[in-house]
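Just below sit the structures, each encoded as C-alpha cells.
Both complexes shown next keep subunit A, but they swap its partner, so subunit B is in the first and subunit C is in the second.
The block that comes next holds the complex of A and B.
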C-alpha cells in the first residue's frame, strides 16, 4: 500500500527525474534487448568471417573478429556454387508462394472478417466458430490429407496448390473481424445503408478505407507464416529444385561437414558456419523488410486507431 | 436461423437498441458474397482434408473400425512423443506468458523513442522463425563457436551432442520458441494495450491507482482475450512441433529420436512406413486434442463474447 502511495506521489516528476522504478524499467528493458539482439548480431556477423582449415570459427561473447567484405563475398560464392546456384531458385519459389499466399489471404480475409463483425446472416455464428477452430488447429494436422488431395488432382510439385493452401488464413479473418468490430462504428454502416449503398458497396466504400491497420496485420502475419512454412512445402514440393528456401536451408545444414561428415564427403561445395550464417541472413532479408515496413504501420496505426476510436 | 442460435448463451441478452433498417434478405446476400471467397478456401484447404483424415483414420481391413488408432497408439514411441510435448509446454508456456505480458507492459509504459526502439529489438527475432531460428540456435548451442561458449564450458559441455541431450531438449526448445515468438506476441498484446481508451486510464490515475495496480486491475482484464488467444495458439503450436526436433535429430546423429514429436511420428508412418491410415489416425488424435484445448480456452477466456 505504501508502495503505491509513493509511486503516485512521484508521478508528477516522473517525466524528468530518474526514479528507482524508472531506472528499473529502463534497465530491465535494455537487458532484455541485449539478450535478444546479441545472438542475432553475432550470427549475422558470422557471415563476414572465415573458418580455419579444420572448418572451425572461434567463439566467445565478443566473437566478432576477422570480419571483412571479402569473406562475405567468398561465403556468398560458396553458397551460390552449391548445386549450381539452386539457392536462387529456392528464394524465387519462396517469394512466389509467400507473396501469392499473402495476397490471397488479404483478399479473402478482409471481406469475411467485415461480414462476421458487422452483418447478420444465417450461419454467422457457425462460420465464426469454424474460423476460430481452424485457426487453432495445427496446420500440420492437415498436411498429410492435403498431400493426398493435391496429388489426386496432379498438383504435387507445382507452386499454385501451395499458394491456395497458404491463402486459407483464418487468423487473418479473425484479425480483420476484431479490427472492424472495434474500430468501425455500427452507425457508420447503417448510415451508408440508409444512403442506399448495397452491402458490398458499404464494405468497399466505408470499411475498406479504414482497414489499413487490418491489412497491415494480415500481410505481416501471413507473409511471415508463409515464408517460414516448412512442413507444407516439404510434402507438396518433393524435388529439391521445386523447394522453398526453408527446405533449402535444411538441405544446406544437412550437407554441412559440421554436422554430417560422411554425407558431405562427396560434395564439392563444403558449407561451414560462415556460409550457413550468410545463407540464413539472405533468407531472412524479405521477412526483415516486412518487419521494418510494418513496424511503423502496426505501432502508429494502433495508437492512431485508439485515439480516433 | 434456429441452428445458428443454439450456440447462444442461455442468459437473456438486452435486446438490440436498433433493429436493422434494410431487408434481412439483402444483408444475407451481401454477407454471402463477402464471405464466399474465404468459405471456398475453407472448404478446399480445411473441411475436405479434415473429412479425408477422418475417413482415412477409420478405414479398417474390413469396413470401418479403429485398427489404425490401435496401431498408432500401440507404437512404443506414442506415449513418449506426447510426454516430450507436455514437458516442453511446461517449461515454455510460463516463460512465454510472463515474458510477453511483462515486456508489453514495460513497452507500454515507455512512450517515445526508447520504448519503440526496445520494442523493435524484441520483435526482430520473430523474423527468424522455423529453420532460420533453428540455424541461429545451432550457432548458439554449438560450444565451439557459440557467443556464449563460456556458459557451455561452465557446464563442461564441449560438443553439440552434450548440449542437446534428450533431457535438456524441452529447455532448449522453450528458449528457442520464446526467442522466436515473444516479439510477435508483443505486437499483438501491445495493440490490445494501445486500444485501451485514455479516459479509462486517466480515471484510474485520478482514483489513485499506482502502476502495478493499474496493470493488474485495469490493463490485464482488458487485454485478457488477447492473452487467452496467445495461450491457445501457443499450446496448439506446441503440438505442431516438427522442424526443430527433426533437424535436431539430424544434426545430433539421432541422439534426439527422429520420432520425438507426435507430428514426426505421424510423418514417419506416412512417408517411411507408408501407413497413411495410422498417420491419419495420429492427425485425428492431434486434431481432437487441439479442438478440446481450443474450446476450453475459448470458453474460458471470453474470446467468443463478441457482442460489444
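The block that comes next holds the complex of A and C.
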C-alpha cells in the first residue's frame, strides 16, 4: 500500500512539474483559448449592457462595466417590440424546419447508409459516388433549380418544402455508411439473415440498436446545418413572417441605425449593439442545447471508424 | 477501359450523366428563352413598365413590402382603409445589398411572387427595378396622370426614366444651406449666397475661429451635396446601357478646387455626418449645404444642438449660374408592380396615393418633408410648433424652394456613387490629404463599376 502511494505520489509530482516545455505548451494553448474566448464572451455580455446610440460603447467593447439583468430584460423587450414580436415567429419557424429536417434526415440517412454499407445491389457504387458528389456541391449551385421546382408546386413561402429539402442530407448518409461499414461486424448481419430476419428487420433489430452514436451524430450535424442555413430559407421563404431566425437576424441588422444611420429618424424600434448581441445569443441557445444533449455520443462518435467493432 | 467491368463502366457513365444534369439544371436559371421577343423583359412582360400580359388580379387583396421606417405608413393605410385587405412584409434596408434584386430575378423566373407595391430601401434600387431584365416597376404616367401632377417636376424627377414615370416619391430631400444663426450674429457674418462666398467665408471662419467647420466630406451623401450640386457628371444616364461619366469635366474641377482649398484651411471636416465622432464635431458646425432632414435628424436629435441656433436659407449657387441648382440626399421612392391588374391594381394605386400624400402618414408620422405638394404646408406648420429653428419662416421657405432647384441630368444608377466615394475618397481625406489626391482613383473606380454593371461609359453627354 505504502509503495503504491509512493508510486502514485511520484507520478503526480512528475506530471505537476513545470518543465519549460510544458509551460510553453500550456502558455500557447491558454493564449489561443484567450484569443477565441474573449470575443465570444464579450459578445454574449454585450447583451447585458445598455447603450442606445451609434456612438462608441463607453469603456470599449471589451469592457465588462455596466452589466445587469435589468439591461438584458430591457434589451429583450426592444427585440420583442420589433415588428410586433416577429422574433418569436422566426424562432418558431427555425425550430419547425430545424427539427423537421433533422427527423427526416435521420429517417432517411441511417437506412440509406446501412444499405450502402451492408447490402450488395447494382448501382451501389454509383449511389455512393453521387452521395459524395452532392456532399461537396455548394448549396448555392442548386438554389435556382430548387426555387423553380418548389415554385412549380406552389410551395414558395411554405415551410414543408424547406423541411423536405433539408431532410435530403448526404453527409448524414455518408456518416451512417462509414459507421455501419466499420462498427457493425459482417458476421453479425449474416447470422441474423441465417436466423431468417428480413433485411428491414436486420436493420431495425440488429443494426439500429448499436448505432446510438451514429444517430446522435446525424441529429447534431443535421440540426446545426438546418439551423444555420441561410440561403435556402432566403430563397424559398420570401416574406418576413415566413422567415427563419437566420434571415431575421439579417433583417434586424439591416434595420439598425448602426448599419444604416439614415433610417434611424423614422424608426420606432431602434436596435443597437446590445439588442443585436442579445438576439444573436438567443439564436445560439438551441444549437448549444442540442450540442450538450448529444455531447456524450459526439465524444464517442468522434472515433467512429477508427477501430473495427 | 478493358480492365473495367461492365457494371463499372455503366456506373461511371451514370455518375457522369447525373453530374452533368445537376450542372445544367443549376445553370438553367440564368438562361432566357431564345424565342423572347425584342424589348421584352426576362419575365416575358413588355419592357418599359407596361402591364404584363400575364398580369393577375387577386380580387382586391394587396401585398406591400416596406422597410422598418415605412412600416407605420402601411399600418396607417390599413387603419384608414379597413375594407382593403393588405399584407405587410418588412424588408431589410441595406443600401448596396443585392438580396432584393436577386429575389425579383427569381420571381421573374417563377412568374409569381412580386409585391404589389414596394418602398425601395435604396433609391438606387429603381435602376434595376426598371431595367429590361427585371422590369418590375410599372409606368404610372398613364394610370396616375392627374395625381402625378400634384408633384412639382423636380420633386418626382428620380422617377422619370425614359419618358415614363416608374415610381412615386415619398419625401423630398434637397440640399438647403444651413448655418448657425447665433454664431453668425455673434461673429458678425452674413450667410453666403454663392459657392465662391461659401469658400471665402469658410476659410475665414476656420482662421478666425479654429475648430469650427463649414461642412462634412466623409459620408456617402457628400458627393450628392457637392458634386451633384455642381453638375459633375457622375450619374448621367443616357440610356439603360449608356452612362455619361467624366470626372475631368470643368463642372467637377471647380468643386474639387473649392473643396481642396477649404480642406487645406481645415474648413471642412473629413468626418462623415453619421460617424460616431461626428457627435463631437457636429456642434461645431458653423455652416454647410445639407439636406432638409439634417435639421431634425442631425442638429436636433443626434448632435443635440440647442434650439434657436440653426436655421436654413436658400441653396447657394455658383456665381456663373442664375438661377442656381442644388443637390439632393435621399428622399425615398415607392414602386408599383407591372404584374397586376383589376381590383388588385386599383387598391395598390389607392395605397400609393395614401402613402405619398395622405396627412395621416405624411404629416402625422413621416419625418421627411413630403415630396407631394399638397401635404407640404401642413408638415411645415407642424414643424413651426416645434420652435427649434432660429428663423422658421425662412427655413420653411428654403425647404420648399430647394425642392424645385435640384439639378437635373442626375439619375439613380446600378452602381452606387456614394459607396465608391466612401471607399476611395474618405480614407484619403481622413489621412490628411486633399480631394485631388483621391480624385483619379474615384473617377477610375466610378467608370470601372459602371462598366461592371454593363454600362457603356462615354465622356460627353450628347
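Note that in this section the second predicted complex is superposed on the first by the 265 of 309 C-alpha atoms of A that agree within 3 Å, B and C clash if a C-alpha of one lies under 4 Å from a C-alpha of the other, contacts with A are read in each partner's own complex, and residues count from 1 in each chain.
Here is the rule we go by: contacts are C-beta pairs under 8 Å (C-beta built on N, C-alpha and C of every residue); 3 or more make two chains touch, one makes a residue touch a chain.
Not measured: the values here are computed from a predicted model.
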Which partner chains sit in contact with A:130 here, subunit B, subunit C, both or neither? Use first/second/both/neither. both
Quick one: is A:106 in contact with subunit B, with subunit C, with both, or with neither? Answer first, second, both or neither. neither
On the A-aligned overlay, A:78 touches which partner chain: subunit B = first, subunit C = second, or both, or neither? neither
Does the superposition put A:254 against subunit B (first), subunit C (second), both, or neither? both
With the two complexes superposed on chain A, say which partner A:241 touches: subunit B (first), subunit C (second), both, or neither. second
With the two complexes superposed on chain A, say which partner A:159 touches: subunit B (first), subunit C (second), both, or neither. neither
Partner chain in contact with A:122 - subunit B first, subunit C second, else both or neither: both
When the two structures are overlaid on chain A, which partner does A:26 contact: first (subunit B), second (subunit C), both, or neither? first
If you stack the two complexes on chain A, which partner ends up touching A:216: first (subunit B), second (subunit C), both, or neither? neither
See if subunit A has more residues touched by subunit B or by subunit C, and give me that chain. B
Return the residues of subunit A at which the contacts from subunit B and from subunit C coincide. 56, 122-123, 125-126, 129-130, 133, 137, 141-142, 144-145, 147-148, 250, 253-254, 259-260
Complex interface listing, subunit A residues touching subunit B: 3-5, 7-8, 11, 21, 25-26, 28-30, 32-33, 36-40, 42-43, 46, 56-61, 63, 104, 107-109, 111-112, 114-117, 119-142, 144-149, 164-165, 167-168, 170, 173, 181-182, 190, 193-194, 198-200, 202-203, 217, 221, 224, 228-231, 246, 249-250, 253-254, 258-260, 273, 276-277, 280, 283-284, 287-288, 291, 295, 298-299, 302-303, 305-307, 309
Touching subunit A in the complex: which residues of subunit B? 1, 3-5, 7-8, 18, 20-22, 24, 26-35, 37-39, 41-42, 44-46, 48-50, 52-53, 56, 103, 106-107, 109-110, 114-132, 134-136, 138-140, 142-150, 160, 179, 182-184, 187, 190-191, 194-198, 205, 208-213, 232-233, 236-237, 239-240, 242-243, 247, 250-251, 253, 263, 266-267, 270, 276, 279-280, 283, 286-287, 290-291, 293-295, 298, 303-304, 306, 308
Help me check something: in the complex, which residues belonging to subunit A touch subunit C? 54-56, 82-83, 86, 122-123, 125-126, 129-130, 133, 137, 141-145, 147-148, 151-152, 156, 234-235, 238-241, 250-251, 253-255, 259-269
Complex contact set, residues of subunit C against subunit A: 7-8, 11, 14-15, 18-19, 22-23, 25-26, 28-30, 67-72, 87, 89-95, 97, 99, 103, 106-107, 109-113, 121, 274, 276, 279, 293, 296-297, 301, 330, 366-368
